[in-house]
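Below are the structure tokens for one structure; questions will follow.
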Amino acid sequence: MVCVTRIYEKPVLNSPILIEGLPGIGFVANIAALHLIQGLKAKMFSEIRSSSFQDFAISTENGKARFPISEIYYHKGRGEERDLLILYGNTQALTTLGQYELCGRVLDIAEELGCRQIITLGGLKHQKRVEIPGLYCAASDPESLREALSLGAKVLHGHIFGVAGLLLGLGKLRGMKGFCLLAQTPGLYPDATAAQEVLRVVCKMLRLRVDLSRLDVAAEATRNILESFGFGTPSTEEKAREKPRSRWLI
Amino acid sequence: MVCVTRIYEKPVLNSPILIEGLPGIGFVANIAALHLIQGLKAKMFSEIRSSSFQDFAISTENGKARFPISEIYYHKGRGEERDLLILYGNTQALTTLGQYELCGRVLDIAEELGCRQIITLGGLKHQKRVEIPGLYCAASDPESLREALSLGAKVLHGHIFGVAGLLLGLGKLRGMKGFCLLAQTPGLYPDATAAQEVLRVVCKMLRLRVDLSRLDVAAEATRNILESFGFGTPSTEEKAREKPRSRWLI
Amino acid sequence: MVCVTRIYEKPVLNSPILIEGLPGIGFVANIAALHLIQGLKAKMFSEIRSSSFQDFAISTENGKARFPISEIYYHKGRGEERDLLILYGNTQALTTLGQYELCGRVLDIAEELGCRQIITLGGLKHQKRVEIPGLYCAASDPESLREALSLGAKVLHGHIFGVAGLLLGLGKLRGMKGFCLLAQTPGLYPDATAAQEVLRVVCKMLRLRVDLSRLDVAAEATRNILESFGFGTPSTEEKAREKPRSRWLI
Amino acid sequence: MVCVTRIYEKPVLNSPILIEGLPGIGFVANIAALHLIQGLKAKMFSEIRSSSFQDFAISTENGKARFPISEIYYHKGRGEERDLLILYGNTQALTTLGQYELCGRVLDIAEELGCRQIITLGGLKHQKRVEIPGLYCAASDPESLREALSLGAKVLHGHIFGVAGLLLGLGKLRGMKGFCLLAQTPGLYPDATAAQEVLRVVCKMLRLRVDLSRLDVAAEATRNILESFGFGTPSTEEKAREKPRSRWLI
């Protein structure tokens, strides 16, 4: 056992798009995914636990033990809406190897359900707080790039860390198209404004009918969980990760 | 080979409860498990060696080489007693990956023998020594939580490190119920008093007839082994482990 | 999943020689391989992504996401030319385990296509810049050694790090002959001169008709990619790697 | 691929004893094994390369590339001599996981050839140089312990690091008997005297007819290889390893 995957239901979907929303810089993707799940009443149908997650449990105020986990939700589009798969969770894997395996498992599930397109979300570290965070994109194929640019995003120039970058790369090897959408964020706290920018564009593109006026609720939920677990801000850790660990990558 | 599992006997048991007793904070679980095994004359039927255990052997005064190992014992309940599986050993795995795999193997065995419920034990670091150590619990399902609270434990708020936390989480993915029971301990030495508190509650719940007057014997045995191996107290190492290594776990 | 291998075509080749050209000291092998691929119009037929590569993507000026990858090209010799397999890529694996696995996958593919001989390329750190870099060789069998020496290389005395060394050793276990050819280089930048020396000898031996007058183009391409990714020179990292991590290797 | 095992011949042996001789403290086991192989003209029939060995090759004065490797030799006993399997090599694995896997592979091969008994050799760090190094032993079963003590060894009290310890422990899980024999050594150089003490006892026990007057030759060979590779003495590294990395091993 390395990853344990549970699939509780096999939804029948029409070319679903996979949206990635794991924790990361500014928790932008995480907030956006949580809001989507709640707004669309998306249904959790798969859980993944990886041996590369933390080896502990956490007990919250009510005595309920929580565990590091990834979940996949589906949403059957209503009317013009696109069908969705949403990757949500409370951690990324602790090792490079674990990250690759987690992504591989997610793509196995997505591929089997007919997914041919991936959108990964995230925050882009930006020193100054801005009124309206800028959106940046990168894509693994020209068509996706045009699509992302047409939505108002600028071309990204830099690294896309973790699952947001890996899913695109490993998806491409399976013939899946995809792009990454990052919103500027100071990255020091769960950033509802950045998440809203990202979601605004995604909803427009996928014709999702989601009320975006109260993203602060999902951000607050994320913040509360973070604080009750005593993690504080993830800024230090992310600083460490911003420095590429590569050797000879050209 | 990663884990090598040996099964010497396939006991026929009636919904056995798995009790975890590996070394940890204050050696609370370890002492409790050893005492249970001796008091109930539980029988060892399975050994697990993991590649994530230490790569050395230890020779004791009598020249007998000892190796890092996990053992599983069973107890067929007499009268009202519940059937038990007891996980005992002299180490946890050295890596996160190893911890997950060890737990996976233990659960494989437990599941096959009909186990649907897990109780993990441990110590909860507490600066001051107290007359009667407080008991704290967390559970992976509401029913187990009620059960643990009804036994006099308070709600735990914090991390459950290592195998004690992992078994609950991985068990839950297999549909097993479970709770964790921690007794306050300074954690600097094998703590018979804390082990007694934990065991008192477990024995009451499972109607086990075990004399708890001499837990100091199991604690002394644990202490002697520790000292003869030159390990001293595990306090420093545990301090290191108390700091969560997570990134972005929310 | 640990390595994901894609094979887009199964070329029919006549005893092809595998030439290794991954990034390393002075990017000598990398430049030489890129020049060979372009000069011979070699065709990419296989991609390998390893879980031991970096877990990020990189977005360049045009918004195209790039991923850490290894590629294998083939060249069907024209006239007297030998058939070739060329291993090219933008990274080596981050861990020892990953390096072994990557090499194992490459050899699996090469072996199936009838490859019985390997030439690995690289740079040999040399403090002073020299007019004409000296060539050094080591071989896993006497015949290959004679061949390399007859081409004007001197006997190497030292370590052959990474994939250049591993491919020879793992190839030998499969009965493949092979040698390593290193050119002196200060190693601080993509070194076209060193690459040219290496390639001059390889082309002569394999009767490859490749114009070697403009290796600076491949070097410049390599340099540009490096700089746009913000990696600067790999000198520090390689210094770290020059110190053997072995224990008890004799 | 993690370990690659090559078996060039399947010898028919009569209850062979496995003798371990990998590099370690004072290179005692390594010298002893090399001397046995040369003295008995034992035949190499299996090679193992592990992904947990170093990822480099080494080129010696004559341009021959050498690789980290483990080899197994066999010796068909003449007259009263016992049949032997001898594990020899130029490295141990770099990781705990690798050590377990290497031992597992060696035991797979030994078990299939009918081996039921293991003798591991090594050096025991001793500050002062002594005229005749003391011999110490530990065993995984009472019978082997008696056998080792009857040969004049004293009871060891301490750790048995690496493959010498692991082989005993993993062998025991397969029902193999075994003991470890360590000779006192300053451990700072390849120690012919310590190797001789160990070998004297082993030869007596197994009725091996080997001339032990010139162990300095094997020690010198070991020293030369070490020096030509620029490793110097392994003392620092071994100091690091002497400190147990265990957590909670009791």
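So that you can tell them apart, the chains are marked A, B, C and D in the order they are listed, and the count of residues begins at 1 in each.
We take it that a contact is a pair of C-beta atoms (placed from the backbone, for glycine too) under 8 Å apart; a residue touches a chain by one contact, two chains touch by 3 or more.
Please read these numbers as outputs of a predicted model, since none were measured by experiment.
Student: Can you list every chain in contact with both subunit B and subunit C?
Tutor: A, D
Student: Could you pull out the chain whose C-alpha mean position is farthest off from that of subunit D?
Tutor: A
Student: Between subunit C and subunit D, tell me the centre distance in angstrom, where each centre is the average of that chain's C-alpha atoms.
Tutor: It comes to 36 Å between the two C-alpha centres.
Student: What is the distance, in whole Å, between the centres of subunit A and subunit D, each centre taken as the mean of its C-alpha atoms?
Tutor: Each chain's C-alpha centroid was found; their separation is 51 Å.
Student: Counting only residues that touch at least two other chains, what does the list for subunit B look like?
Tutor: none
Student: In graph terms, with chains as vertices and touches as edges, which category applies: line, ring, star, complete, or other?
Tutor: Its topology is that of a ring.
Student: Name the touching chain pairs, please: which are they?
Tutor: Applying the touch criterion to every chain pair yields A-B, A-C, B-D, C-D.
Student: In the complex, go through subunit B and note every residue touching subunit D.
Tutor: Contacts found on subunit B: 1-2, 4, 6, 22-24, 27, 30, 47, 49-65, 67-69, 90-92, 94-95, 222, 225-226, 229-231, 234, 237, 241.
Student: Along subunit A, where are the residues that touch subunit C in the complex?
Tutor: Against subunit C, the touching part of subunit A is residues 96-97, 99-101, 104, 137-140, 142, 145, 148-149, 155-166, 168-170, 172-173, 179-180, 244-250.
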